[in-house]
Amino acid sequence: MITLTHYLLASALLFAIGVVGVLTRRNVLMILLCIELMFNAANLAFVAYARALGDTGGQIIVFFIIAVAAAEVTVGLAITILLSRQFKTLNADEVSFLKW
Amino acid sequence: MVMLAWTILLAPLAAAGLVWLVGIHRKPLASSAAILGLLIAFGCALQLFLAGRSGALILPLETNFAWIALPGLTIQFGVLIDPLSLLMTLVVTGVGSAIFIYATGYMHDDAAYSRFFGVLSLFAFSMLTIVLATNWVQLFMGWELVGFSSYLLIGHWYAKPAAAEAGKKAFIVNRVADFGFMLGILMLWAYSSADPAQRTFNFLQLEHAGLVHGAMPVLIGLLLFCGPVGKSAQFPLHVWLPDAMEGPTPVSALIHAATMVAAGVYLLCRAFWLFEGLPEVMTVIMWVGGVTAFLAAGLALVENDLKRILAYSTLSQLGYMVMALGLGGRTAGMYHLTTHAFFKALLFLAAGSVIHGTHEQDIRKLGGLWHDMRWTSLTFLIGALALCGIPPLSGFFSKEAILTVAFARNPALFSLGVLTAGLTAFYTGRAWFVAFTGKARGHHGHESPPVMLIPLFVLAALSIVGGFLGLPALIASGVHGAAAPHGGAGHAGGLLVMAVSIAVVAIGLGLAWLLYGKQVVLPGQVARALALPTSFVEQRYYIDELYSWYVLHVQQRYIARSCEWVEQRVIIDGLVGGITALTRWLGFTVRLLQTGRVQAYVLVFLVGIVWLLTSALH
Amino acid sequence: MPWGLLAPELGLCLWILVMLLADLAPATRKPQLSWLALGGIGFTAVLLAWQQPLWARGESFQSMLAVTHFSGLYKCFFTATAAVVVIMTRQFQRHLPAHLGAFYMLLFTALLGTFVLASMRDLLMLFLGLELLTFSLYIMAAYLKAEAKSIEAGMKYLILGSVSSGFLVYGIALLYGFAGGTSFTQVQNAFTYALTVPATAYAGMVLVLAGLGFKIAASPFNLWVPDVYEGAPTPVVALLSVGSKMAGAMALLQLLTGIFAPIAAFWMPLLAALSVATLLYGNLGALAQTNIKRLLGYSSIGHAGYLLMGLSTGSVAGAEAVTYYLLAYLFSTLAVFLVVIAASDAVGGDALEDYRGLSQRSGFLAAVMFLGLLSLAGVPPLAGFVGKLLVLLATVESGRLWLVAVGAVNVAIALYYYLLIVKRMYLDAPRQTQPIAVPAATRVTLYVLVLGILVVGIWQAPFLRWISAIR
Amino acid sequence: MAEAVFFYLFTGAMLAAAWSVVFNRQPLYSVLSLLVVMFCLAALFVMLQAYFVAALQVLLYAGAVLVLFLFVIMLLNLAPEALARMRVFTWQGGGALLGLWLAFLLARIFAASAQDEGALSAASAPRGSVEAVGQLLFEKYLIPFELTSFIILAAIIGAVTLGKREVPAKR
Amino acid sequence: MLLTILLAPTLGALALLALRDDQHAWVRRIAVIATSVPLLGALYLATHYDVARGGYQHEVFVPWVASLGIGFHLGVDGISTMLVLLHALCGFTGVLVSYSIKERVKEYYLFYLFLITGVFGVFLSLDLFFFYFFYEMAVIPMFPLIGIWGSDVKEGGKVRYSKEYATMKLTIYLTLGAVVALVGLLWLYVSTGARTFDLPALQQALAARPLDASLQRWLFPLLLIGFGVIAPMWPLHSWSPIGHAAAPSAVSMLHAGVLMKLGSYAIIRLPMTLLPAGAQFWLPWLASLCVMNIIYGGFVAMSQRDLKLIIGYSSSSHMGYVLLGLACLTPVALDGAVLLMFAHGLMTALAFALIGYFYEQTHTRYLPDLGGLAHQMPFIATCGVIAAMASSGLPGFANFVAELLIFLGGWDRYPVQIICGVFGVVITAVYMLRVVRGTFFGPALPAFAHTRDARSAFERLPYLVLVIALMVVGCWPRPFLQMIDASARPLIEHIMPVLPLAAPAEALH
């Protein structure tokens, strides 16, 4: 029997993997990718809840999240391109001139 | 009468104000105002005295106004005229006037002439405040103010480091004494009445009512005695007085011989009702006095500075007075105070005249002044003889009175007193023979102007006749209610005492003549023979060394320095600096979290999230 | 439909398009764009004023947005901020390479985002408003394409911002699952009537808290702040510092006093702890700074600590105090940043050392900076003092005295580093002596801001009345 | 039963793909793994009867977003990322551990909140059809919808402004 | 009248804003006017305080923030009248002394006048909010005043404390104290439940429903320490001597003369008035702490060699007497404490003004470098001796009266502390005379041959004003004391309804 909690646990794992990715990948692009994982985990949670509640509202929110995530990717990629132009690297570690 | 009484107090004050406000650049105005002020005071005092004699004035006369009036605490300021204060007032104003007049000559060429008279007037006012005070606070105010005036006058020639230091020393030593004195006054007040609102500082009320039960009168008495020890330069706080000779000579005469230093004795008389009943305190007082008298006389033996000799002699005589009071001889002490004021002022003024004429005060460099300065020498001689106690000069009678009391009360002190009398005669003779007789040694003096000589004559006259003015009776009449228990001479032992003292004086003078007049034996040889005691005496018993060791090495080096160390190292660097450094260090550390790596930031973010989620689980 | 309720937002939308078109204007006309932008802000202000009678009615629009006193008040704050940022941009615009129109457009989208946040009645609107605001800021932060600092700032802001929105969204999901809907009414009812509030709801709440904590620069979600402040173009930093923080604080205020009010006992100690961490982090970190923008970044963290402190009371007094604090903070921070912008070209940089002897080069700028910094430090008779006082008072009323003690100590620490700037400006000798010219628009704006600092600091009653109307 | 099978299948695949996104050195492979994640998610959405969202997931995410990623990867010609060997002992490793802790925490939270719930399939289904969603979107969610357009506008304009190479200023 | 006093300096400062930077003459004229008006006002207050009626008089009340219970409430009682007078005197003479400031004159007077306003505000406010408001406002102008126009504290040519250090330390220290006090005030405000910052209203509310004694015991030390920092209470004093030493002379004058009194005034006005049980519990501790102030401060002063540091430490030593007077909780001692605030303020202002005067010409105030200045500047030397003597508690100056009253009033309660206090007078004399000796006396030094005395009446005016004020109060303290007592006595009676008197025999133990 698959309950809501199953889905939620799946989403939690997905979320955590995303977070781990954000922390461990050095490439900015990959970090953005992992952030997408986090958003998707949230989407899964929304849809699962929507299903459990019998409410379409949750699905609509997912729609918005997808739109926002897409927009974010747009901005993120633009900044990534700037970054690679300026620093000739996408390694987040190496872009640490602003500190202390 | 009340007006007269107030005038005594206010005339010198007005003079001082006048000098300071408008006379500071007008020499004649300054000196005449000061002299006039004091003369007016003298006149008023005389009138009161005569009125008292004639019975037109019933003593004591007390008049007050409330200086501070708070619920439960009233501090008055007023004038108390009783025989004691009247006598003292007459001495202060009378001798003072003579010295003021003398000073116009002595200080004639001084650049700070007006300032000098301004301070003198201030001194006169302060001294009269003590004398005429109706209560302890007023007395204390005068007490402090005379100290201040004394400070200024000793340091009159402030350019001289020695003078500046001497003034400072005098003030500080007195302050140390006043510490005890102030506490004594506080305690006296605190125990004056069981009801806090009824406490009083008033002399007459205190004398009348006494202290409450449970008070610690011995402690109070000892603390109060601290005041005289400082002001009257008793052992061990006598060290300031010799140094105070750095001041102009009229100052030495007025303040450090005749009046201010006598204030301590006056105070003992004023509070005699208290001391009288405290045998322990009386013992302390008489021994302090006796020891001072003896030690100071010893110091005078080896001193070569004319003024300092006189200063030690003053110390010694003050010791006499204190001893007399400690022995219960209130009349004798006060009597000696009066005569001493006459002859010591005379001696100082004469010495001043010598200095004025020769610009020298080392007796070894003086000599043969008898030829150059006849009048001065004559008056000095009169004073010296009075000091020695040669009958019938005034000193004889008063000293007799003291020795008689001592004889009756305490043989040990009597012998000390007699010994001191011999020493006195010896050093006085030494000064006389070295400085005034024989041949001049390089310095030829010129006689002083009349304005200086006339005061000398007046004082000389007083020194001569001082014994016949009926002073003891006058003083005795001041003891309210109680009969004068110890009048002057006339006891069974009187004749014996007289004989002994005259003999001792004669021996002393004779020895001085042999050593310094005739020069049978060279003094140097004597000194060598008595090397150890001489050096001990020459080093002033090492008391000054002890004090300067304390001040420089204990107080300055250890106490003050360690406080400074605590301040700088513990409080500033440690407490404040430590907290500052810690904060700054935290700041530097905290910002190291900011590594610049974006993922580190995410990590911290995540730490926060995890913490928050953990708390959500609670 | 009562479109009047949306008038300011619609006006903004219109102006976003206008600015977009204006970006096509020839390069020579670009300087005039700032007037156009100011016109838009003026237009918005007029619409706000026109709408003002509606505030009291508190009507909502499709359960998504509501027009209340609270929202109106904050919209006024945001509009004022935007106006000053336009003036700043005007002063700064020679640094901005191109696309000035797009820059202003982004300013307007950010403003729209804050307006949405001010009016939101639904968690979805929270998310969208926040994203609108944040996206605009990401781009604006990286706007100086030729400068490595600016790009780095943009990158960091983007990554941390995205991560934080990820958490926020996840939190919203959890709340949605708990309440069965995202509208505030639903969530609040769920909290109120739930027999036991499940852990997911608490988790959702804290994740939303973290997402907003990121906006207001609460520790430990604030490590981006100093870097971004240092790297981003100064007008953007001002917008970040005032607009974005204010938006975050306002959103928190709404959520905490609204939907999360039933579980106040849960979040009050959390916020108090966050407040302490934030206060200490910001104020201690600022001690060692040498760059004025970075220092102001740390200082803005410190201020977030006070905001959190006010929020942690969970009381009406706390809410009012936070609002007052923000009002004071708005005037003071904008004044300081405007001076930084006006002076930075002449003094040659953003290092603290560059400010040596500023008072002798421009007494006016130095004086404004002095007042602004002291107001931030909380010195009477300036606005910041009253803000701090109210926050501390509310915290005392809440009974959390240790928190007040921490706040009080931080006042002194903060004063120290503000005075370090004052020391440079007033005590040290200038390197150069030629006077600094201040353009008229900047000067007038500075006068207005100083007046604001003084009036808000001295004559508190009308502002307090105004603020207390938000209840 | 079939539900369970599908659930575990898709979930397992999704998590494995997600793992691959995170731990793959080749950016290209990461993106492709993400594509797998998306598809699995879409499948799960379908299982949850959110058809419209599932479609969006495939179209928007897989179709648009990931393509954008790929495009940028190609554009920048990204080399494989050099991963530090001993990353467990770096702060990144600590981060990974913390991430796992996060998963554990979330799991506990969900577990703690789960109260005798029945199978999800038994619950009344939401109307996840396109019509239902569309109706809601343009009625109740009109304002968010319009607002989203501004978000996208800002993002696009921003991306254009940022991404555009400046013509060197004519002096 | 109170408004005039408060607003005159502010208006003066605003008027300065309208002037150009180089209009020095006008700047100074305005500053003189802006400070002489309050001086006249203060004299008016001092002569028109109705002793029989007592309490707060000349009140001004403007409702300010009704919701929080804040009102702009001004008023004076006998205690604050004295301090207003003190501040007016110091402020006025400070302006005159500041004529020697030649750089950035306008800025200087601006900050100066704001400082003056703040301090007047504290003394006049009867509302806790405004009290604190002005209190903080008074602290901040010190920062630029010391930092810009001050001087480093040098010792043997080396900088011991730089002026930046001094001013930063001072400002931060005082702010720290102020915020501690603020916490106390807010806590007090909240716990009374009266929701008012108005002092008389609070007094009434607390009289009707006093705070719990244990709460008072918590509140009192917050306020005591908070305000005690500026008083300055040992061991929190270390900002003050350094601050004095680095400040320009007029600022040192205000700083030592008036600012320190803010602390003791605040302690009287707030915690003692509002928290009687706390006062009963904590003030005995204060009484012992003050002894450290007195003795320790004196000894540290003794080992200093910078004149301003000496006077600085002496101030902290003398403020010990003030605190001791407060701690005694008897009307007479409190009268003495208030009078000593006044007297010490004038005396120390005089001392700093004098040091400033010759420092200007000698460029050193390092004691070993000085000497014989009485030759070149007899007037200054005379005033210097007067200041030293006033400080040492010479009768005729107000300090004596004040110290005497503290001793008399405190004897029954803290005999041991009083004994230490009396001993402190000896220490004072030691270092004060050392200063006089080292500075003015001794042979004329050729290095100072160029120096000149204050000759014109105008130059002498500030010193004369201060000396005369000291002497007037010192010689005829009765009316002043009655004025103070009218306010001090009810306060003490409020704290100690029945004065528990130690039995005389036990008093010493």
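Things worth noting here:
First chain written, first letter: the chains are A, B, C, D and E, and each begins at residue 1.
The rule is short, and it goes like this: a contact is a pair of C-beta atoms (placed from the backbone, for glycine too) under 8 Å apart; a residue touches a chain by one contact, two chains touch by 3 or more.
Worth saying up front: this structure is predicted, and the values here are computed from it rather than measured.
Within the contact network of the assembly, the step distance from chain A to chain B comes to 1.
Shared contact partners of chain D and chain E comprise B, C.
Farthest chain from chain B (centres taken as the mean of C-alpha atoms): D. Chain E has its Cα centroid nearest to the centroid of all protein Cα atoms in the structure.
The interface with the largest number of contacting C-beta pairs joins chains A-D. Taking each chain's centre as the mean of its C-alpha atoms, chain C lies 42 Å from chain E. Work out the mean CA point of chain B and of chain C, and you get 77 Å between them. Computed from the mean C-alpha positions, the centre of chain B lies at a distance of 36 Å from the centre of chain E. In terms of their C-alpha centroids, the spacing between chain A and chain E amounts to 64 Å.
With touch defined as above, residues shared between interfaces to two or more other chains in chain B number as follows: 591, 594, 596, 598-600, 602-603, 606-607, 609, 613, 616-617.
Multi-chain contact residues of chain A (touching two or more other chains) are listed as 4, 8, 15, 18-19, 22-24, 26, 31-32, 48, 52-53, 55, 57-58, 64, 68, 71-72, 75, 78-80, 82, 92, 95-100.
Residue positions of chain E touching 2 or more other chains: none. All chain pairs in contact, by the document's touch criterion: A-B, A-C, A-D, B-C, B-D, B-E, C-D, C-E. Partner chain A is touched in their complex by these residues of chain C: 124, 127-128, 131, 135, 138-139, 142, 145, 148-149, 151-156, 158-159, 162-163, 165-167, 169-170, 172-174, 176-177, 180-182, 226-228, 230-231, 288. Contact residues of chain B toward chain D in the complex are 599-600, 602-603, 606-607, 609-610, 613-614, 616-617. By the touch rule above, chain C contacts chain D in their complex via residues 13, 16, 20, 61-65, 97-99, 102-103, 105-106, 109, 112, 116, 122, 124-125, 128-129, 131-132, 135-136, 138-139, 142-143, 145-146, 154, 198-203. Only residues 91-92, 94-95, 98-99, 101-102, 105-106, 108-109, 112 of chain D touch chain B when the two sit together in their complex. Taken together, the chain D residues at the contact with chain C in this complex read 106, 108-110, 112-113, 115, 140-144, 147-148, 150-151, 153-155, 157-162, 166, 169.
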